Structure formats: C-alpha cells, structure tokens
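Shared chain: chain A. Partners: chain B in the first complex, chain C in the second.
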Partner chain A sequence: MDRFTRALAAFFTYAFLGIMAFLSVFPFIWMVMGATNTSIDIVKGKVGIGSALMDNIRAFATTVDVPLVFWNSIKIALIATALTLIVASLAGYGFEVFRSKYRERVYSAILLTLMVPFAALMIPLFIMMGKLGLIDTHWAVILPTIGSAFVIFYFRQSTKAFPSELRDAARVDGLKEWQIFLLIYVPVMRSTYAAAFIIVFMASWNNYLWPLIVLQSNEMKTITLVVSSLASAYYPDFGAVMVSAILATLPTLIVFFVMQRQFVQGMIGSVK
Partner chain B sequence: MASANRSLNRYFNINGWFFVAPAALLIGVFMVYPILYSLWMSFQTGKGMMTQFGGLANIKRLFDDPMFVLALYNTMIFFIVQVPVMLTLALFLASLLDNPNLKFRGLIRTAIFLPCVSSLVGYAVLFKSMFVQDGLINSTLVGLHITDQPIPWMTDPFWARVLIIIAITWRWTGYNMIFFLAALQNIDKSIYEASRIDGVPSWGRFFYLTVPMLKPVILFTTVTSTIGTLQLFDEVRNIMTSDAGSAAGPSNSALTLSVYIYNLTFKFVPSFGYAATVSYVIVLAVALLAIIQFYALREKD
Partner chain C sequence: MAMSELSLKSVRKTFGALEVIKGVDLEIEKGEFTVFVGPSGCGKSTLLRMIAGLEDISSGDLEISGQRMNETDPSKRGIAMVFQSYALYPHLTVRQNMGFALRFAGVPKAEIEKQVMDAARILELEKLLDRKPKALSGGQRQRVAIGRAIVRHPKVFLFDEPLSNLDAELRVHMRVEIAKLHKKLGSTIVYVTHDQVEAMTLADKIVVLRDGRIEQVGSPLQLYSDPDNRFVAGFIGSPKMNFLPATAVTQNGQSLIRLDDSGILLPAGHLATQLADGTRLVAGLRPEIFKDGGDSSLLLDVEMVEHLGSETLVHARSGETLLIVKFGGIRPMKDGETIRAEFDAASVLFFGADEQRIR
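== the complex of A and B ==
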C-alpha cells in the first residue's frame, strides 16, 4: 500500500471507531444532561445543561420513597449474590473434585437448564410463591435466582486451575473436605469470586420481569421497577425519569470502574 | 487395599453429594419442577384457577390466534435481523481494535463496552426519551438533512421494530465484542505474517483465517444472543408500552412472545394453560436454534 491509501485507511478507521465510541457513550451524557433539564426540554431534544436539576430531584423524591427503594434493590442484589456465590462455588468445587458417573449426569442436567427461557418458568413460579405465601416479599425475588447453572459452570471451569497438590497436602495434614474448601479453596480463588460477584450482582440489580410480577406494593419495589413505572406514565415527567435512571445505573457503573479488570476477566473466563 | 479403596470412594462420594446438594436442590425446585409443571399446564384449559384437562386444545388455539402468530413473527424478525447485525458489528469492531498500534485503543474499547454496564430498564427509558416524535434523534436527523421529515419511531410498525433493534444493538454489541477481542488476542500472529508474505489480502486473511479460528466464540455469542433475543421483554415493555394499555408498539408491531405471555397471565383474564403453551414455543425455538447453530458451527475434524 502506498502512503496515501494507508493514511486514508487510518482516517476511516479512526473516524468509524470515533463515531462508534461517541454513540456508545452519548446516552450516558444525555442521561446526566437530562437530569438538569425540564421534561419539555428533554422531549424537544435539548442538548445542554439546564437549571431544573433540583426540581427534578424534588419531583422524583416526592413521588417515590427514594432511600427505601434504593435500599430494597441493594438488599436484594447483595443477598442474592452472596447466596448464589456460596451455592455455586460449593457445587462447582464438588463437581470438579469429586467426580462420579451420577454426578456428571446431574451436572449435564444442570447445564441443560441454561437453555430454559424464564417465560416458561414464571407462571409455575408465581403459583408456587402464592402457595408459599411469599408474594410481595423480597424472598420471592431472591429464591429462584440462587441456583444458577451459569455460575456453577463458571466455578467448575475455574476450579480446573485450582492446584490439586494443595488439596492433597491438606488431606495428608488431616483436614476435612469442608475445611479444605473453606480454608484453602476460598482464599485461593478470591479473584474468581470477585469476577462472579460482578456478574451475579449486575444480573440481580437489572432483574426486571420477575420482580415486576411478584413485588406489588410500593414499599417492596426496586429501583428498576420505579424507573419503569415513572417512564410508562401517560405523560411521563422525563426530568424525574432521568434522575431515577442515574440512580439505577450508578451502582453497576461504579462496580465496573472499580473492578474493570476482574469484570472483563470474569466474562471471558466463563467461555474458556 | 481393596477395602481401603472402597471406603475412600465412599468418603469421596458422600462429600461429593454434600457439596453439590444445595445447588441440585435449588435447581430442582425452582427450575426443573416449574418447567415440568408448565408442560403439564399447557394441556389445561380454562380461566384463572378453574382449569380442566383440554388435551391438545391449547396447541390448536395457537394456530387460530392472530396475536400469537404476530408475536412469533415479531420475535423471529428481531432474531433474524438483530443477531447477525450485532455480531457482525462486534466482530468488525474487535478486529479493528486488535491492532496494537492503534492509538486510544483502551479508551475506545472501554467506551464501546460501556453500554452493557447500563441498567436494562434505565437505558430503555433513555432511548424512549431520545426517540420521541420531535425529540433529539429526529431533530438531529432532520438538522443533518438525513431525512426531510421526522421518523415515526413510536407510531409506525416498521420504525418501531427498527427502534427496538437499534436499542438492543446499542446495549449488547460491546459485550459481544469483548469475547471476540479476547479470542483474537489468543491467535498466534505469525500465521498472519506468513499469509501476508504469501500475498493474501487483508479481507482474505479475515475470512479464511480469523473467522474459522474464532468459530467457538462465534458459536458461544450466537447461542447466547439467540437465547436473549427470543426472550426479549424489558426493552419492548419500557420503550413501547405505557401503563394505560397493553399494546406493544403501534399495532402491536413490537409484541414479542415474552410480552404476550406476560399479557396473557397478568394483563388479560389469566389463562395459565394457554400462556404455558406459548412459553413452550420459546422453549422449543431455543432448543431447535441452539442445535442448528451448534451443528452449523461445530469444529469439523
């Protein structure tokens, strides 16, 4: 290639990537700008900082009990994530370390559930939660998400890298299997736990359809449900909607920027 | 020795089940039991809790139900158009970003990845606010003379579907790009060097070297995107519907199977049996497409 074609190719590459990067980031900027504009300005497509931020926050805070709703979301996401990590790491370790013919069959069956769409579960789950008297409780949201085939798979794949010498040495020293798990496996696999934490926390935080079905009273609702109901009003107050969207996005955005490396590693590690 | 071995085996076996039991139990109760229950329900007819065995009545009803046909059609359109567009774009972006001499590489990668960190409902709502009739997107498009008239994103069936496709593509392209990028970085670059010396043009290197080597990742991203798209719910409900009605976009042009199941169960007079039947259409579609994709993209010996 001569210099001219090469320069042209470079120009188009940077132009294309620049446009893509801009389009990817712009809605975030729009969200922050929108929080400072009136609903009318937002709907007219005003670009720029306005002066309605305090009004929007006030409008949002008077229609919704913001701290409660935010706390509901945090609580559900943290409990669900902690329980998922415990259950899935036990199972991933168990399947990888204590292999047997029957357990491999159970494992295959568990992997098969990855393909089950949630729509096919929601009606029986709803009836089940009704019978258990758990409708409109946070446990109804948390319980069905704990047994996650994907996270079990992730832990089993990661356990393949856990050195068997460590385990053998511990057995010689007379440690029980649960002690080996708790005292050796868990500390050694810190980064696996960190990556899994991010994946599960994000999924739980973003969960929408199932909470929409089981959480009915306003005191129980999560931030995701509040954003949705504010925006689906006949004449939505988009200023308040923007403020609520920022609140819904902030935790996952913070987790991403603080733990970017584990984040990407966790995603990729799950495919290998 | 034999008996020592046997007792060791038993010890391992008990421990193995102990570790696996909580997960197996939870998946059994909250996954396996509901999916079987759904299958049983799909043979029941009636409203609410008053049901009786209806044999294949629900399956027959599917074919006479224009709403179901529309929902199936829309879901398939979203799948057929959106998944290839997104994955092609993701692969293209990844191959551009794989160049180590590229300036601002990390910055561009983070920017393109950022959408998949956004809140699902949050971003849907942002798109709703940007694509309103006289809103940001339309005034920009008209201002740049790309169109003379505002595009009816929310009122025309065709454009409503385009909007949903744009939204999902925005949210998930960067996510898929990261998988491609990771796989590209594992490829031994000397293969490219050799083929370049042999005079293979860059597009040839891309199609005859890169794509075949990325097959496992392409399979993974295709299957996960398929499962995701066939279950599409959040975007449609938050961009296209309002609390006032159950219509999903103009003339239900964005109605997906998941939204229809939700409507059948929680918006209309509940018809659990029929809703379960519709949900099994998604189960079958996911299984069928996953098998097809698996065979089409499997490693050939």
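== the complex of A and C ==
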C-alpha cells in the first residue's frame, strides 16, 4: 500500500469512528444543552446554550422532592446490587467448584429462565407480591431482581479462572469452605465483583417497568419514574425534564468512571 | 522395627467405576526423601493428594506417625504441601502468605513473625516479605511456597511437581536448593515428578508407579542397575535403555541368548533361571554400556549423530531395531556409516515375555 491509499484508509476509518462517536455522545450533549433552554426553545429544536438553567432547576425542585426520590433510587439500587452479588457469587462459585450428579441439570434450568421474557412474569410476580403484602414497598422492586440468572452465569464463567490449587492450599492451611469463599475467593475475584457491581447497579438504577407497576405512592417513586412522569405530563416542562434526566444519569456515570479499570479487568478475568 | 513416618496399606481410590489407585502398600521412614515417579496418568499426583487429604481414600489405611489419618482434616494431618502452580494467595504479601496457616491455627502473632522470619532466612526471602506474589519471579514464588510449608513444621512435606513451571536453568538450580533444604531440615519429603532426572538426583527412595500400581520401590541406583521389569528399566535412565528382541538357545551344551537382529550370542550361564530353547526374550542395553574394549560388539548403521561435547549420542540401527548409543567425548562419525559398538555382555539385562526381569 502506498502512502496515499494508507492516508485515505485512515481518513475513512477516522471519519467513520467520528460519526459513530458523535451519534453516541450527541444525546448527552443535547440533554445538557436542553437543561439550559426553556421548554419552548427545546420543542423548537434549538441547539445551543440558553440561559434558563436556574429556572429549570427551580421548576424541577419545586415539583419533585429531589432528596427523597434520589434516596429511594440509591437505596433500591444498592440493596438490590449487594444482594444480587451475594446470591450470584455464592451460586456461581458453588456451581463451578462443587460436584454433584444434578449440577448441570439445575444450572441449565437456571439458564433457561433467561429465555422467559419479563412481560410473561409481570402478572404472576404482581400477584405474588400482592400476596406477600409487598405492593408499594421497595422490597417489591428489590426481591425479584436478586436471583439473576445472568449474573450467576457471569460468576460461574469467571470462577473457571479461579485456580483449584488455591482452594487446595487453603484446605491444607485449615480453612473451612465458607472461609475459603470469604477470605480467598472474594478478594481474589474482586475485579469480577466490580464488573458485576457496575452491571447490576446500572440495571437496577435504570429499572423502569417493574417499579412503575409496583410503586404507586409518590413517596416510594424512583428517579426513572419521576423523569418519565415529568415527560408525560399534559404540558411537559422539557427544561425540567432535561434537568431530571441529567440527575438520573449522573450516578451511573460516576460509578462507571470510578470503577472503569476494575470493570475492564473483570471482563477480561480476575485471575492472571 | 522402627515405626514408619508414613504408611500406606492397600490404599485404593475409585472414581465411580474407575479405579485409579489399585492397592498401594508403602512405608516411608522418618527423614526419607521419597519420590513418586511415573508417566502422566499413573496416579502419582492422586496418591499424593490422598496423603494430603485433598482426595478421599476409597479403601485401605493411611497412617502418619502411627496414627490412622483416613478421615482427618488436611490441616490436622501434620503435612504441608507445595503445589505445581505455587498456589500463593495473590491478595496477600509474602509475609502473610507464609504466616497464613499459623494464623488459622491460632498461633500468637509474635510466634508467627518469628517462624516466618526463620523460614525467610533459610530461603533468602527476607527482602521480599512485603511484596505481593505478582511482583515475584517464578523461582521466588516457588521459594515462598516452600517457605509457607516450612513455617508449619510438618511431619511430612508433600511436593506436587514443584519445578514443572520453571525454565530449565532455574529448575536445575531449585533442584539443588531443595536437596540442600532436605539436608538442612532432615524432614520427611514425598515428592511427585514425571522427570526421572529429578527423581534420580533428589530421592533416597524412588517409587515407580504405572497405572495406579507400584512397579518397584528402591534407591535410585538400585532402580537403575537392578530394575525388576522392563517398564522400570525403560523409565529410569536417560537416554532410555535399548530393547532388542532375543531368543534363548543352547550350543555345545552351553546356554546362550541370541540377539535376533544381529545373531550375536551372549552368555546366559550367569542367570539363575533355566531358559528353555527358543524362549522369546528382550535384551536391555543401556546406551552408556557401550565402550571400547568390551567383550561383545554390535554392528550398527548410523542414522543420526548428536554431538553434545562431553558425549556423543548415536542413533543407529541394528537390523530392525533403532538404538541410542552413548560414547564419552567427541567422536568423529557420519550419518550412514557402519560402526562396531563394543560392550560388556555382563551388563546386558534380560526380560521375559511378561516384561519381568530374568535374573
């Protein structure tokens, strides 16, 4: 290849990447710019920085109990994530490390649940939560998410890289099975936990459909529900919607940037 | 009779219908360096893991210092184990790794520190104590793994192919280190390897295993010069022993053994076994028995010559059979040449059709 073709190839490569990057980043930019414009400007399709930021924040803060909504979202996301990680890592570790005649059959049954669409589960789940008396409580949002087949699958796959000799060494050193899990497995697999934390936290934070069904009173609502209810009002204030959207996005952005390195490492594998 | 430090009595291991250890009887004395050697899949690692308590014993008895240990927890058997992959805890420093077992045994902090420092001094690890395993070389990691075993003052050290992950040069170095350590500590060691050079250089006693059974137990030189069967003869020694088909014959009232490829006759009078005429045998000639001035000789067609400086390895053919012949020093020799390789007939070993040695 001569210099000209190489330069041409590079040009097209970068042009393509540039377009793709713009397409992914533009909604964010538009959201941020939108938060500074009036609702009318946004509807008109104005692209640019406006001067209505403070008005929008005020409008948002007066219609919504911001601290409560945030607290609801954070509480649900953190508890759901913590429980999911505990359940899934114990299950994934168990499936990989302990032998049993029924191991693969039970595991396949769990993986099969990935095929069942959530829409098919909504009504039975709702009835179940109703019978448990949990409708309009945060537990109704948290409980159905903690037995995640996908996260169990992720932990089992990652556990394949956990050396069996480490477990042997720990047994010779006098550790019981639960101590091996807590003192050896958990610290060795921390990148796997970090990656799983990000995935589960984001999913839980962004969860919309199920909370919409089971959370009915305003004091229980999460940020995603608030954003959507603002946007679907009879006369939506799009400025306030943009502010709420930014606030809804921030925590996941922060979590991702803080844990980015562990996330990538966890995706590659904890043990090297 | 002195009590053995480690004793295996009709020990068996089955996985479902598959029997992998088929009845092993073995006594290991205190302070003895015992090496389990054999081809891969012979059960040597499984047997070691059974001693450690990492695999259940299906039947038979395991005793350490006279106490039955079949159901005892690994940590309470008085053993320490060094693994092939070192199995250091990656999130702990060298110091924490070495003191880990003691911490769990409830040993006071000051005592742990002292034990760790003692072991670190023996293994020259003092400067590395605060590092994580990731920051160590392969050889250093292996030393830490050994240190972790030393601090526990076990009755029996178990080594599972500890040098397999090291490069050739480091392997030789660590081999010498382990031998020195054994001299210094006088501890009982059971060591698994598939490398017969390691077995020959380290062991007081070699246990040759094949297919879940012990083929022979003895000192390295015993196994080398007086193997019980063809498998042991072939497994111990490098390059391998040459095996040539042979037949028992009687000429002028004298019992002799004829090498089928060359028709060379070897005396059989020194053998206690009376061989009937026409008995099919295998003659075993070690590559190193060939020397100038021997009382017998073979005519060989040279196929390839390996000049190693201190010795010359000749791959040559006697009729149908390919042999390796080892000459000391440098020998000018060319491919395709025919040579006369002389040897002493008395150093030839014979094996019957059942592969057992004929003495």
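Heads up, the rule we're going with is that the second predicted complex is superposed on the first by the 250 of 272 C-alpha atoms of A that agree within 3 Å, B and C clash if a C-alpha of one lies under 4 Å from a C-alpha of the other, contacts with A are read in each partner's own complex, and residues count from 1 in each chain.
By definition in this document, a contact is a pair of C-beta atoms (placed from the backbone, for glycine too) under 8 Å apart; a residue touches a chain by one contact, two chains touch by 3 or more.
All values derive from a computational prediction rather than experimental measurement.
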Contact-wise, after the overlay, does A:D173 reach chain B, chain C, both or neither (first, second, both, neither)? second
**OP:** With the two complexes superposed on chain A, say which partner A:Y185 touches: chain B (first), chain C (second), both, or neither.
**Re:** neither
Ask   = Does the superposition put A:P163 against chain B (first), chain C (second), both, or neither?
value = second
Notebook entry, point to check: Counting only touches as set out at the top, which of chain B and chain C does A:A88 meet: first, second, both, neither?
Noted result: first
Chain B versus chain C as contact partner of A:F201, first or second or both or neither = neither
Across chain A, the partner (chain B or chain C) reaching more residues is B
Going through chain A, the residues touched by chain B and also by chain C turn out to be 271
Within their complex, chain A touches chain C through residues 163, 165-166, 168-175, 179, 184, 187-188, 190, 271
Touching chain A in the complex, chain B uses residues 12-13, 15-20, 22-27, 29-35, 37-38, 41, 93, 96-97, 102-103, 107-108, 110-115, 117-130, 132, 134-140, 170, 174-175, 178-179, 182, 216-217, 220, 227, 230-231, 233-234, 237-238, 241-244, 257-258, 261-262, 265-266, 272, 275-276, 278-280, 282-283, 286-287, 290
Residue positions on chain A within touch of chain B in the complex are 13-14, 16-18, 20-25, 27-28, 30-31, 34, 42-45, 47, 86-88, 90-91, 93-95, 97-100, 103, 106, 109-110, 113-128, 143-144, 146-147, 149, 152, 177-178, 181, 202, 205-206, 208-209, 213, 224, 227-234, 238, 241-242, 245, 248-249, 252-253, 256, 260, 264, 267-268, 271
Within their complex, chain C touches chain A through residues 49, 52-54, 73-76, 79-81, 83-85, 87-91, 100-101, 104-105
